[in-house]
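Letters A, B, C and D mark the chains in the order given here, with residues in each chain numbered from 1 onward.
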């Protein structure tokens, strides 16, 4: 069933919100720029709106509708309790600028979550306000740069980033005024420690490393890496996107890390919502703790206190967003954390790693595993198994859609050819994995047996089949226009 | 995508509700019938449960997903505000047996809704507790029988019911100890007044008449009918299933009606929920008012009072359900009523009738309209237009599914051959109706052009194609059993 | 008017197609004397904000259960409902669907109901269950009528342990029929004896387990007695969570089991809507009221579900139907089924243990209240207490309500004409009650008694 | 542990397939020194009921906006959100989807975002909008950076009418770069003059309209000034409902428009998450940060949507990207878009009128408060007031909070080092404020002043 755009559904004069007719008033107080005429938005009634968005939603795939093994995205189940408590009026209906004595419970949410994040990582400080992972990276780098400046080492402007890193890493470094220097990987998918050491020098501000890395592997030499980085006077930033693999099994502080953002929406199960919102609190080592940006919560004489400006001893590097952080996400993440508890979080990372290794072990004969196991929370394959079949990684992914699955991550990380990166997460059952394994094996066999045509034609069962991305980019149509426009 | 039964998904030891381990206790107080062993229900985790029910829901069609022109069912939009207010803890989290002073607001909901129902119908009394339409019918008949008994006319045990009536009418009469005597219809789809008069007699308890009737027509001679019924010492029961056609345009009292149930879930927009719950408050004339069953709300000295037993002047015929009526449905219906207001309710019935007549006028040349217009809230067609095509009403209905519509009501009412009864309701837009009309015309043309094979094969695009109802009834499988059972 | 999509321009265009001058024309079949010229003198339409304010105001006049130590049961029980239940319920595909008459577009509702039927049959220990009735009270009445139909007898014996509202509903249902109900006196001690009452005219005996005053009984002797006399045993369960800890009625010999399903998935809702569960033996399935979902196959041979055995129902059989029921409690059945699925066999048993444990804990603590004694010998999560010969339980409840404690239901609310029940109070405890709740109740009772 | 489906038996079977003895084996790449042997000394897992109780307790420590006469704005506004918005948002297909990288299974999110982009472009009067940023503050900073990139200049002038948190965020963002921010002093009277400030080094001027203290300005002269100097005009709108009544920034000559979208669809949420709207001219689209959805066709020629122009983005361009942003505010964009769709053009205008009317009504009523004067000449739904030379607005707000009135924000909270702002209070009024709310505020002010 096709669904029109709202602009095509409107019927001037319909209304989905009954507002009283405003009393007559003059525009005297409105200044000298009143709008002339009605804003050109369509008018719809409530039944039309509800049906429109219901139908649109039916064209989407979500964790709720099926297995979503999208590597590096940690698509785990989103608890319903989190959605419920986030809607308690005493938490949802609070203004960030209310007098602090009227929001002590909200500050307690922030403070309690901060406590958990610090305890789980072993780090002494956390910047709560970053809005997302990339924002948290930037926050961590800002703290690092502030620390260097504070020590009179403002000349350190080179950041080392492995080739396999998420694109946000170099981009965040650039936004901090840093230059990016790539470091290569070894055959076994880990950082080349020797190459790293060779790159270290007095102009290096920090190393940015993802751990577990984007190949789904734990950086075995991480302690040595940290020592080398620190030895060169640089800091060690860790991209925490894959924290879900090790929560409760490894303390970040024990690895020698100075800063790491935590994607609450990945590791702590808050909904991705088709692109966000997320939250990226950044834990910091003692060396960086003083630079936490405002605002932050402290225990004061009359209860919890939100520090919004300068304060003795602190050297905040500034402010990173409008208010006090992604509070709605905090509530959900804390509800998840308290539901799971220390034992549950450890079990979750254990199960996430178990599930990934189960996929790796079950598929390694049919697909080409890029590295030997054990992997951490995700299993990486490349396209060697498709050699000479005419089927590409993209084709293979699209064929999975017709089988009822969201595809794995394709073509990332860039360090292997035609990557297929699968992250099952701990919230999938063995039954689901077994069905998935059977389907993937079946597709691999089909590809090898010459079924390329079918792959090229996939997906067939979706509301739209393959979409022309080149056309979209070549002549961008980025908004609705009337025929006249 | 297939969805297993929960019994096939379970995994012993999983849990979707974390309950504390009970402290050890003896069963001393539990009596002499403790359960031996675990109840044989499957164990699932929350992710599995959420996905299971989400996927099941995707196999359903609802008003939210598309046009639902199911005749006699009034499938109108269900307002979202109603769902919100019904969940206010101050209304949802109330026990029916709390001290009355702690539930004055809840009693106000019941009393306010009762006021509206009485005002909209012009009737002096209403029994609020019936749980659904059929239950309301039975309640009205119980009041009628009680009134006759009270007058010493307990011998009146015959109830007149038109052939076109809903099956609930005769069934309710039977449950009241009445016998049912059918009355025929005229060519124009209305009750045959002469035949009715001939059937009236001293043993007739009442007439049960649906108005507007199940052919979607207003009973033009209803005032004469009422007079005749009353003249014979009988009462006049009206089936109010089709009240949506006339709310705010006709007062029930002005038609000479003694009792009528109101399907709150139809007329006042509360969700049908795949079969219920509904609510069937029954308005009563002065002659029947004394017999309202307990409980009911009155204005007392210290506020609103819930009368649960005998009380001066009242002669309740008993109690019809566990507590005080379908309170959750009342809240939703009242929110709808207050949102619409007197002007909106009148506009709603006007639009409902307009939409039905628009369908009738637009389709009468392609389909065979059973009666000339104007109709009320629904348009009735029969299968003459399918003559010699090989296509049945059923086939036609199934073909509509593939076009994205829920079928109209088929084979009801029984008074025309191969009936197709369409009720668009007022919450559908002209745009929706126009698309629907085009599709129906297209199907009619296809049927006439010899496309019978396609019709027989429909539906094709549903999770299941035509299901074998005979098999289901011949060897009933009514519950899941293990292979061993 | 936010729910009405038609604009004035639409209306005009549609009237033109119809060939009518005005909407009034379309109402020309209404006798002129009955036509209303304009809106009735009632309030006009309002925005969401205004309506929401009005409901918030009404809600504010109530003391909600969550805001008080809460010990009320007597047929409606407060349990924790997992957040997922309501969020799934709100999905439009469930919420806004009609009865699944078109199976091809209703497999969601149908499969859910098939699972529900299976769950109900499992917990009650019966062969088969229907797709729900209005509530426990009406289900109970329907069970009695069904028993009369099966046995071709007319006399229904109703235990004094049956919820008085159910007994009243049953009596009302039989009132103008050939059938008659013999309702025994209230039985707070659970000492009622049926021997000698069941005879060859008895269609069925209706008992509630646990009883209204709390007593849990082994029904096997009674079942044997009934069956010997050719009568059926109808067992009502007002608190189905008890089935996690008490032998199922099916296993004890019941012929028909009815329950109020509110305990799972639904919350309190001031007592409505309820959810009637109805289960019986295979041999009686064609005498059963209510809708049934059955398994079948589609033309491609794939498993699927349809409504079945509808020749029992009013829309086919009219006055000869097993019942007049049409609308059921589908959405409540969904809530019940989701909650029970979330509990699973393991959680269902554990929940029952926690409930019983809460009640025994409450009994322990109540020992501190002088003169109070617990009446039934056995109970699940609820029991009647006697507050002392001079006590008025209704006054006590009233006084405690003023202290913000919702302290059970006085038996006199149901039995105003039984002076010996004036000091009797019915108290329930569930997994939702904290130690602190119980301490506040005990302190409150000590103060007002 | 209700979110974990694996059972012990599953784990055992899976380890066997893997060929590992224990899960610990799978962690063998972790240096032994960094392995934790068991759970950290933190609380264990809890049931829903316990967690819900903990959150209810924390919620109970707050005074929620709905429980008080409420006049706080200053960047976050309280509006009535229709019930349908949240219920649609909760649909799992929206809620639990990822970024729509696989367009065939994401047409819902993609079409919604295309509609969102169209709505944002329409209300701001711009050519094109992206699919959202974190919030208004970060969007504002990104706009300044983009302006520098376009003009190849490094100087950003920030009006004193820009929300101080936004100005701080912007300053922080430029802190370690070649770019520099010149933030003008706070401008409570809306008298700020830019003439002479804009020169050939100026990349852009950033203004907020209505301003932080309320002033509504005609930006056309400023736009002309900027364009003459080769600089861009960046307009920040903190309260987008104002666009229903005030000329759009696009129509007044803005080059980049950023807004905080929280006003529609989202509620307060203690200020986060927010929703950054970002719109610009067609010619600058390839310099824009953030995700974009574009229209295209599938292999069958049917209209569809995809993410497009991603060569601007970090996942393709890495350190050369227009921004590091990846996660956006998709779900907030959905809420905003549904609310705006429900309002429609008609409702959007009317809502703005009601807001302005509420503010003018509040101004009228405040005349009763001696010594109080409204500062800006023009305003939309918010204005700063001066409470008298000796007054301490923070103390006033504090005292009124004790009376259960949430009476705006003292300017000193943002500008602690500006003594002349000590008596200044910023008050907002929206369609949610009743006459009674306003009367209580006025009475409260009269009491404490």
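Operating definition for what follows: a residue touches a chain if its C-beta (ideal position, glycine included) is under 8 Å from a C-beta of that chain, and two chains touch if they have at least 3 such contacts.
Note that the structure is predicted; figures quoted are calculated from it, not measured.
Colleague: Considering A-D alongside B-D, which chain pair is linked by more C-beta pairs in contact?
Modeller: A-D
Colleague: Could you tell me which of A-C, B-D or A-D has an interface matching B-C, in the sense that over half of the contact pairs are shared by residue number?
Modeller: Comparing residue numbers across A-C, B-D or A-D, the repeat of B-C turns out to be A-D.
Colleague: Distance between subunit A and subunit C based on Cα centroids, please, to the nearest Å.
Modeller: Distance between chain centres, rounded to whole Å: 46 Å.
Colleague: Just give me the whole-number Å value for how far the CA centre of subunit A lies from that of subunit B.
Modeller: For subunit A versus subunit B, the centre distance works out to 48 Å.
Colleague: If you average the CA atoms of subunit A and of subunit D, how many Å lie between those two points?
Modeller: Measuring from centre to centre gives 20 Å for this pair.
Colleague: Residues touching two or more other chains, restricted to subunit C: which are they?
Modeller: Residues 1-5, 10, 45-48, 52, 82-84, 87, 90-92, 342, 431.
Colleague: Out of subunit A, which residues touch more than one other chain, so two or more?
Modeller: Subunit A, residues with two or more chain partners: 11-20, 44-48, 50, 54, 58, 63-65, 76-77, 79-81, 83-84, 339, 427-430.
Colleague: How about subunit B: which of its residues touch subunit A in the complex?
Modeller: Touching subunit A from subunit B are residues 1, 9, 11, 14, 18, 45-48, 50-51, 54-55, 58, 63-66, 76-77, 79-80, 339, 404, 427-431.
Colleague: What does subunit C use to touch subunit D in their complex?
Modeller: Subunit C reaches subunit D through residues 2, 47-49, 52, 80, 82-83, 87, 90-91, 342, 431-432.
Colleague: Can you check the complex and tell me which residues of subunit A touch subunit C?
Modeller: For this pair, the touching residues of subunit A are 11-20, 44-48, 50, 54, 79-81, 83-84.
Colleague: Residue numbers of subunit C touching subunit A in their complex, please.
Modeller: Within the complex, subunit C touches subunit A at residues 1-5, 7-10, 45-48, 82-84, 87, 92.
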